[in-house]
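Chains: A, B, C, D and E, in written order; residue numbering restarts at 1 for each.
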Amino acid sequence: MKRHKETQSRYRVTGCCCAALMFFQDLSGAHSSVEPATPQAGRIANLWWVMFYVSVAVLALVTAALIYAVFRRRSAREQTAPVDLSPNTNRERKATRAAAVALAVTIAILFVLLGLSFTTGRAVSFLSNESPLEIKAVGHRWWWEFQYVDPVPSRGFITANELRLPQGRQIVLTLTSNDVIHSFWAPNLMGKKDLIPGQESRLIFRPEKQGVFRGQCAEFCGFQHAQMGFLVLVESDGDFSDWYNHESQQAVQPSNDSEKRGRQVFLSSTCVMCHTIGGTPANSNIGPPLTHLASRTSIAAATLTNSRENLAKWVTDSQKIKPGNRMPPNVLGPENLDDLLNYLTSLK
Amino acid sequence: MINERSKPGKAHIETATLDVERDRAELERSWETRPGFIGWLTTTNHKSIAIRYIVTAFIFFLFGGILAALMRIQLARPRSEFLGPDAYDQVFTVHGSTMMFLFAVPIMTALGLYFVPLMVGTRNVAFPKLNAFGYYVYLTGGILLYLGLLSNTGPDTGWFSYVPLSGPDFAPGKRVDIWAQMITFTEIAALVAAVEIIVTAFKMRAPGMSLNRIPLFVWAMVVTAFMIIFAMPAIMLASSMLATDRLTGVSTHFFNPAEGGDALLWQHLFWFFGHPEVYIIFIPGTGIVSTLIVTFARRIAFGYTALVLSLISTGFIGFGLWVHHMFATPLPQLGQSFFTGASIMIAIPSGVQIFCWIATLWLGKRLELKTPLLFVLGFVFTFVIGGLTGVMLGSAPLDLQVHDTFFVVAHLHYVLIGGAIFPLFGALYYWFPKWTGRLMNERLGKLNFWLMLIGFHLTFFPMHQLGIQGMPRRVYTYLPETGWGALNLLASIGAAVLTAGVIAFLINVFWSRRHGAPAGDNPWNSDTLEWATSSPPPSYNFLYIPTVRNRYPVWTVEPDTPVVAGLRTDVREALVTHTITAAPDHRYELPNSSIWPLVLAAATAVTFIGVIFTAWAIPIGAALTFIALVGWFWPNSEPAALEAERHRSLPTGDGLSLEQQT
Amino acid sequence: MQPSKSHIAKNIAVVLALFACASASCSRPIQSNAEVREVRLPSGLSGSNEPDDGQWLMPAKNYSSNRFSSLDQITVDNARDLKVAWTFSTGINRGHEAAPLVVNNTMYIVTPYPNILYALDLTKPGAPMKWKYEPKPSSAAQGVACCDVVNRGAAFYDGKIFYNTLDDHTVAVDAQSGKEVWNTQVGDINQGESMTMAPLVVKDKVLVGNSGGEFGVRGWLTALDASSGKIAWKAYSTGPDVDCLIGSNFKPFYEADQGKDLGVTTWPPDAWKIGGGGVWGWISYDPELNLIYYGTANPGPWNPDQRPGDNKWTCGIFARNPDNGEALWFYQWSPHDLHDYDGVNEQILIDLPIAGHTRKVLVRPERNGYVYVLDRTSGEVLSATPFAYITTSKGVDLKTGRLIYNPEKSASLGKVVREICPASPGAKDWQPSAFSPKTGLLYLPHNNLCQDAESVEANYIAGTPYVGMNVKMYAGPGGNRGVFSAWDPVAAKEVWSIKEDYPVWSGALVTTANVAFYGTMDGWFKAVNAVAGEPLWQFKCGSGIIGQPITYRGPDGKQYVAILSGVGGWSGAIVAGNLDPRDGGGALGFNNAMSDLPKNTVKGGMLYVFALP
Amino acid sequence: MSERSVLNCSELPEHAFDGRAPIWWGNLLLLAIESTMFGIVIACYFYFHQNFSYWPPPRNVPPTTYDTAPDLLAPTSNVILLLLSCVPMYLLDRAARAGKIKAVRIAIVVSIIFGAAAVALRCFEFRDIHFKWDANAYGSIVWAVLSLHFAHLITGTLETAVLGAYVFVRGLDAKHRVDLTVTAVYWYWIVGVWIPLYAILYWGPRLG
Amino acid sequence: MREGILLFPRPARRSPPALRLRVVGMGALALLIFQAACKREERGFRVQPPSASAAEGSRMTDFQPGPRTPESPVKNEYEDNAYALSEGKRLFQEYNCSGCHFNGGGGIGPALMDDEWLYGDKPENIFETIVEGRPNGMPSFRGKVPDYQVWQLVAYVRSLSGQVGSNAAPGRSDHMQTSSPEQSRPRESPKLSGKPR
């Protein structure tokens, strides 16, 4: 996998001496919910920071009160007095007042947070009028199918485990599942949404930052839930439409004999039972489509870098890499494997 | 206090001569459990049963802990091959299910079963045979789960077992069936315990312990018990529906959307139980904390009424926020807002409790930082963090980011370990002398506390950040490129420290049982009635049932405080009092030891385990259950003799003479 | 019947209907409209290929496909006296959907796979076998026949009998000697192609098409030279215009059908290559306009999510020039077909008075439940009226020509859509209707079926099914699964109807003496009064009937009626294929609706010929 | 021997009825649990209702019918029977309180007969739902409701029968008098909880 | 507080109960359970197909000339394994077996849930049918499906007519129900039948 883009860590208020901050300052990365790449994720990140600082303050106050309560100096008289069943001292009244104030402040804070939460919730589910890019995501055990729906059906296409998006355009993701419940989560882009078989749900966001972001299934879905990842590549409009146009083409034809033999291996072995390569008779969609396999940066649901060696390992014994996944181990002679890899790596 | 005096023929206060030795001997005889194995199987003594519960639950805690350790080893570094996905899925499912169903709820209700009768001043729980039955059923459920795990049939779909993943289509074999039946077993046990606790607390209090004088721990247990009664049926039904969906020859369609069923219904039912479940675990913890704080501050609880009301309101609101576990599902916005509101508002009663506790500590006398109190202080600090992250999770938009990530793992462990385990350990240190007559070692105790506190925060605090950085829950491994390795390693080291803490506790228990300092009857100078008898208490709890004048019966006991006399000592008799005022109402004979609870539990086990394999287990099991129930209800003694005996007004040759009335 | 909120009223109605249908034969005219209107057949359509009305040269009787005979010996009054004249066993146990041909006192019967052609000598008593021709098609072809291994008949032309074999060969057999004249392979079973349709011979061209919409084939219609068997032209139903023989003369009436390479752009990339659109139904021919008309079958796979777009040119009708195959117009019955509504039904060419003008029209009782009346010169929809209970659509927009789908009944992955009416076999499948110019009525054998369907992901593996839909069919409202009705195409309304327990899967026949014939799947061959719809006569055959009745004048001058019995086809696959009725999803969901059929009929092909004594 | 202030409870009775008795509270809590169960299954029933356009769905195997609301005869008779069965139960309750053993014996026999009749009729009710449990979610949930209540009917009847056997064999004692009154409460609940369920299951589909 | 007022009784010591009996009993029970459970619950990802090769010893008829020669039937271990059976069920859909045979009722291909077997019901017969194909329309999947998956399919196909234990056979699927679940199918007694279709 391509090294994720090192993003500049956001340096937050340093005044607070709470140890917690040591952790949360450095939330950088390609799959972080506080490194938003969309206004939607940004709103949520802001909500997070508000809540975070409020929490730090509340924790500090409570802890201080607790420490004081424990270590407060007691007078000797206080210490020896018998248990009073109806204490009505001045201190008691003060304590009551303090508790009431603390309660009032608590309620006030909670209402403020509630209000913020509502407004954020409304903001992130808002769909503006402009024409969005509609993409359908289907969850499979254990890979992601992304269908780019084009007004001209023949220009639409299906790709797997890599979602490419144009910068600055509103995206509407329609989500559904082919088997069990999955959850689509690319934290830099937006919160997660469950993919429920037989139902459709929707995510709306607008990527504003270019870069490579990582996402992953967030609802437990069986053996390879852990490695049901995907990449989101946010690109400039031009790059995106180049990619889009390329992607709606058929697979390239094999250019030499080895590649031709490789295609034959593909078409006459188990591969053809599950995969699609556009322009060939391989048209099954149990596994990810491989029409433009070589132009993807990763294989095996964003688990391995897309290299020839990894592809070889994956084709011959994927069960070692991701036990329980659906790709059967394939016994291919060295020559056949070589041809097959030549062919697969030619599928730009 | 006791206002029955005006009613002639009722209970009345008088001066009498008590033949203490004779009463004690007779009570010993009539309440003693038969010696030997049969006696062990037939006992209906709430303390024996509760101790079994506690020990069993703690063993399950250790099992769950071992599983947790396995997970932390697996996750310590990326791409670890220590456990494969199959083993890991079983491990995390059994870990979660164990901690929730076999440890947390049972150990809390067990504390209730032990201490509610003692704290309200009676001789046993209201239905002792039922109580024994509850334990056997619970034990069966636990053994079933672990036999499953050991035979590679451990459930592997998570403690939440979402359909369709856990349905017949995607979970072949019997793994999920074992989970579903384990649920049924443990929920039956929990419901039984809840009934016991409520009826005991409502009907069997010592004279004078009116509702507003009930100890806070008992209040907490009563609220918990009511929550159990309304929450557990949902999961029992849901797991039964899941089981029938999967059962050969039955194959219902409750969760098959294609035939009109619904996968989301499972989530609704599960979380309608699952969220209250958190409070079922946490509220007894607050009861413990209240008890311990009052004891150590040596002053009355600040805001008793506020504490009770916040417990009750927590109980109510706890049922109104299950949907916040489902914000990521396609639900209408309006519903989300309601549940966000409820989720955030439940922080208010928790806040009230925290403020009351701090005020009690603040206003109390100088605190001796003994191990139980340390655990309570650790609880307050930890639980506040868990509560604050809870507010974050309640917020629908933020939840979309952190839901189902390690942030939630961190949150729930802060709430459950912080909110229940810390108080529980405090309670174990606090009540250990009650059970054994010996104190636990204080130095080992402090070591235990600090190891656990540091280990805990080291383990779970980094998980907040892991969640924010995108690490989902329930993953058996992760890629090195994600950058989650360092924090995971830290968490795993923390887990090792935490484990060391638990080992220190175990050593302490085993050492102190033999060598601990003798505790005396009330080592902490506490005020609740369990300390008004010997440690450990006799089988009949109190030689004479005490009477109560205020909330602090032991602190305020006077030489002329009356005790209850006139209860029969030759049979197992207890006193039933008025639900609100706790005025003496009638005498109530409790059953003797009995084998039938075990038989009925066996019949239940045949039914529910059999139903994993065949639907015929239902009629066969029903017939067996009926036979067991007839045996259960059919009294042993001759009715005529019984009646004749009953018409006898008082024990003869007694130490209590009516003629000596004042 | 529309689903209404008033369930009580609905329930009462259903109960009443059930009572009404309680008699064992279950065949009563529900409505009778005695008004009979004379409608003239257009002059050019009487059939240049039809020298003598006593013969039966093509399954549809003539180019206008009206299955109307001017023989009049069997009348409303004497039909009750019909008796079996002779019978003939075909020796085959699969579904017999073919129409016998009668030419020169010889009867030709083509059987289902293995597609044996029998010639029976009508001049001799008992009609002994003259010869038989066995093409020995590949047995593997049975694996790509979606709905039983049927054959819908042969065609006679120029001294030859032409028909298709299941393994994609078109053969020409000398009608006299039974010798094979030519044999051309036109398709490939390894691509899932099979052939079941009856050819039509027009101007020395044998027109044949392929089946296999459930196997991811690419549909086509081919014209073979009648004398040599050479392929003259081949028009695909999907793909680029050049493959579809769409050129400059292509002038579809509606905008949706205009544009370049719609056969490619209305499909996801490459999907058109496996997009179905077979041509396995009926072709009609208008000699005057020199146009052939034929329908294209469903797009593949059934799961519509896998093929967004209108999926041209499936589920539509082409008008083509038979000489070079050039398309003149196209109209799509069911754009982006959701429910397997193949558009291959018969089109009956007549001239009808519409709004005061006599229009050259094409009447098409379509699978989606509407009787369409199209202007056959332009492809304009003149009317589209439901003849069955429909929930899947809400009518046809006559402005755009587009079917208005009911969005509630559209499938999406993993979702079960309930009460889809009509079911996938449609309100009327291939079973051809007859039209009587005498009564002006269309005689419609059809189904009353609904279904529940669930789309699942379909995987294309060449040579294996490509469907992606779980289906469970059942009877529509009323509980009867079939109807035989008379339809007035001018008034666009039903005149009378007879409810049948099973789908009426046989063709219809009507004579000038106002007797209409059809058969039922439990084996009854029936004659009814074409005007009033009352039953005249019925005979229980050995096996269920899914064939096409014909009538002819024997060498003795008597009028005979012939029908092949032998249950099978999609609807009868449960019997013909020994299917297990416990699997309701079997036979693409038809098993569920027909699970009681094995109790009521058994398989076995047999020709029955009836005559008056 | 020591002399001290005591609360002498020796004159207190050895049993009490209704809210004074622990067993009555135990029973009440059991009924609370079971009522919650019924509440949840009925909630599920309405939840599933949303997934169907026809409720109950058409029976889609031959002979197909769209009129699949459950038959009314058996269930309605059973409701009437159950309501009537409260009368002997009430008499049993009263006789038990008064300690009249003869009245108790008569009432308990009548109650058992009523209970057994209700159980028998319920078997027909299962038949009269036109779906089996594995036909669809409607069948599943209706069977669940019926079975759950059926279990209570059987339990209630058997419980009465066991108590009846006891009363005939061993006569009437204080403890079992309380038990009899509690059984009556249980039976009232069985009947009471069924009325809304009956309305929902049998009339709901016809009126909706 | 003043001790003694409430008259603390002395505790009575109880002897600890004998646990050993229970432990031993449980152990024995567990061993029994493990035997059955391990076979059923194994999730084999990198599995070897059953020991015997199908090509040898596959015989389609009981009738043979000369004296009877013993048969060595192939034992398909997947038939006891719930995971393999569920994988077989999935592959049955994904590789389009269900396209012709539907859920066992048949359609284009023959019914698989009944007692009639054209080409033999033994695991090795079914294995051959899948790999080699059969002349009346059954395509050959040679080289297209790995052996272990074929064996999974074989196990599943036999479950369609109730030939495998109901505790391992698949339950109802989350799809529209068209037939009873495999685990509830009555066990048919397979008959070799060349009954023409």
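As a convention for this text, a contact is a pair of C-beta atoms (placed from the backbone, for glycine too) under 8 Å apart; a residue touches a chain by one contact, two chains touch by 3 or more.
Values in this document were obtained by computation on a predicted structure and should not be read as measured data.
Student: Please identify the chain with the largest separation between its CA centroid and the CA centroid of chain C.
Tutor: Looking at centroid distances, B is the chain farthest away.
Student: For which chain is the distance between its Cα centroid and the global protein Cα centroid smallest?
Tutor: Chain E is the most central one.
Student: State, to the nearest whole Å, the distance from the C-alpha centre of chain D to the C-alpha centre of chain E.
Tutor: Roughly 42 Å separates the two chain centres.
Student: List the centre-to-centre spacing of chain B and chain C in whole Å, with centres computed as mean CA coordinates.
Tutor: Inter-chain centre distance comes to 71 Å.
Student: Please report how many Å separate the Cα centroid of chain A from that of chain D, as a whole number.
Tutor: Distance between chain centres: 52 Å.
Student: Once you find the CA centre of chain A and the CA centre of chain B, what distance in Å lies between them?
Tutor: Those two chain centres are 38 Å apart.
Student: Provide the list of chain E residues touching at least two other chains, using ranges where the numbers run on.
Tutor: In chain E, the residues touching two or more other chains are 43, 45, 94-95, 172, 174-177, 180.
Student: Mark out which residues of chain C touch at least two other chains, giving numbers and ranges.
Tutor: 414-416, 452, 454, 459, 461, 472, 584, 592 - these are the residues of chain C that touch more than one other chain.
Student: Of all the residues in chain A, which ones touch at least 2 other chains?
Tutor: Expected reply: 197-200, 223, 272-274, 286, 323-324.
Student: For the complex, which residues does chain A have touching chain E?
Tutor: Per the touch definition, chain A meets chain E at residues 197, 223, 268-270, 272-274, 286, 317, 319-320, 323-324, 328-331.
Student: Would you mind writing out the residues of chain B in touch with chain C in their complex?
Tutor: 257-259
Student: Of all residues in chain C, which touch chain A in the complex?
Tutor: Against chain A, the touching part of chain C is residues 216, 264-270, 274, 306-309, 412-416, 457, 459-462.
Student: Any idea which chain A residues touch chain C in the complex?
Tutor: Per the stated touch rule, the residues are 138, 149, 152-158, 176-178, 197-200, 248-250, 272-274, 278-279, 281, 283-286.
Student: In their shared complex, at which residues does chain B touch chain A?
Tutor: Per the stated touch rule, the residues are 84-86, 89, 157-158, 162, 164-165, 170, 257-258, 263-264, 298-300, 302-303, 328-330, 333, 336-337, 340-341, 344-345, 347-348, 351-352, 354-356, 358-359, 361-363, 365-367, 369, 377, 380-381, 384-385, 388-389, 391-392, 394-405, 461-462, 464-465, 468-470, 472-479, 481-483, 527, 550-552, 555-556.
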